[in-house]
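There's a structure below that I have some questions on.
Each chain gets a letter, A, B, C, D, E and F, in the order it is written, and its residues are counted from 1.
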Amino acid sequence: MANDDLWLKSLITDTPQEGRELAILMARKTIGAIQSDPEIKKELREEYARDSAQLIASAEVVALEFQTVAAANNYWKK
Amino acid sequence: MANDDLWLKSLITDTPQEGRELAILMARKTIGAIQSDPEIKKELREEYARDSAQLIASAEVVALEFQTVAAANNYWKK
Amino acid sequence: MANDDLWLKSLITDTPQEGRELAILMARKTIGAIQSDPEIKKELREEYARDSAQLIASAEVVALEFQTVAAANNYWKK
Amino acid sequence: MANDDLWLKSLITDTPQEGRELAILMARKTIGAIQSDPEIKKELREEYARDSAQLIASAEVVALEFQTVAAANNYWKK
Amino acid sequence: MANDDLWLKSLITDTPQEGRELAILMARKTIGAIQSDPEIKKELREEYARDSAQLIASAEVVALEFQTVAAANNYWKK
Amino acid sequence: MANDDLWLKSLITDTPQEGRELAILMARKTIGAIQSDPEIKKELREEYARDSAQLIASAEVVALEFQTVAAANNYWKK
């Protein structure tokens, strides 16, 4: 794997909100790993962003990824 | 990210019920991160709020987010 | 939030079965938070209670909520 | 709740296999809590037992319930 | 329950790969507990093994069962 | 099981990103365990890689597998 593909160096983030952003990135990177064609990805994105059922399913993936990120950060408790 | 977008400062809430509200907010913010057009979001919301299958799917997302919030708060045990 | 909306004071229950009832309540309250119109809710309820796929999806939400309630109660172990 | 409805006295079982049976019971009891009409339940059961997608969704619910039961029993480790 | 139905004696396996096999077995046994007719099961299997959406849903069930098996084995860490 | 099928020797990886790759492999291996015909698998793959709903469902499976891998690696914390 080339260096420019190294996108997940750590699960640790400074804040919960950065943890949310990481969770969204993780979900998107999985899609990109399965469907790497940028044109198809763009089409699909336009499709699912207007489909409420698919938006809810996407939110479920983010919730699952965030469970992992939050646990890794001990829920950002001091 | 602009300051007015900082919506998740902490996973800690005073009560379980506030934890539920945070879980619902987390689910909604994910939708907003994927589909940011307010008009489209409003249309989609009207659609899924009348579709029982999508309501159940939404409840699943909230349940997952709440698992994280509840663990972060040690289930609000003293 | 008005006091009569305070429905989740604690995740602690005396027994596993009361924990199940709380999990079902949690799932229902999420639906009510998204779709608050009592007429629409009633219609939707009649619909999904006769649709086996939606019943199974509802059972999944309850299973997830119960995971949280059970952990909060340390699985009701003495 | 009448005594004859008290079906979940404990999450503790003697063996993993009894834990599986409890997980299946938990899933079924949730369905029964939402749809209590025995005639409708029987019809729905015949329907979903012949629908592979619904069987898989049912298996997901059982897997989630079993996660809880297994944790409660510390995975039946001595 | 007859002895020849005793299929889950333990969640402990020697290796992660045997844990995967157990997770797949657990998913299959749940299907068999709901739909026990061998002819119908065979038909359904042929159906879902050619349906990518159902294959993905099956993989989700296996992932959930494996979470339990992996935790039971402390992730096979020495 | 023949040795050339031994694909999951350990859940431990050096980095979070290798953990992601393992999670994707785990999801794919489950599909292969259910549908082993390479021709059918290829057809199904082309199908679901162009279907946004199925891509999202695939991402959910990966998220679940990654939860297990991340926990096994103690979230790659030193």
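Here is the rule we go by: contacts are C-beta pairs under 8 Å (C-beta built on N, C-alpha and C of every residue); 3 or more make two chains touch, one makes a residue touch a chain.
This structure is a prediction, so every number in the text was calculated from the model and none was measured.
Asks: Using the contact definition stated above, find the chains touching both chain C and chain D.
Replies: none
Asks: Since chain A and chain F are copies that touch, is their contact same (over half of the numbers shared) or different (under half)?
Replies: Here the answer is different, because the shared fraction of interface numbers falls below one half.
Asks: Can you give the rotation angle that fits chain C onto its twin chain F by Cα atoms, in degrees and rounded to the nearest 5?
Replies: Rotation angle between the two copies comes out at 180 degrees.
Asks: Using Cα averages as centroids, what's the distance between chain B and chain C in whole Å?
Replies: It comes to 16 Å between the two C-alpha centres.
Asks: Take the average of all CA coordinates in chain B, do the same for chain D, and state the distance between these two points in whole angstrom.
Replies: One centre to the other, that is 28 Å.
Asks: Which positions in chain E are in touch with at least two other chains?
Replies: In chain E, residues 48, 53, 57-58, 60, 64, 67, 71 touch at least two other chains, as defined above.
Asks: Name the shape of the chain contact graph, picking from line, ring, star, complete and other.
Replies: If you draw each chain as a dot and join those that touch, you get a single closed ring.
Asks: Applying the stated contact rule, could you write out the chains in ring order, opening with chain B and then chain C?
Replies: Read cyclically, starting with chain B and passing chain C second, the order is B, C, D, E, F, A.
Asks: In the complex of these two chains, what residues of chain A are touching chain F?
Replies: It comes out as residues 1, 6-12, 26-27, 29-31, 33-35, 40, 44-45, 47-48, 51, 53-54, 57-58, 60-61, 64-65, 67-68, 71-72.
Asks: Using the touch definition from the top, list the residues of chain A that touch chain B in their complex.
Replies: Going by the criterion above, the answer is residues 15-17, 20-21, 24, 48-50, 52-53, 55-60, 62-64, 66-67, 70-71, 75-77.
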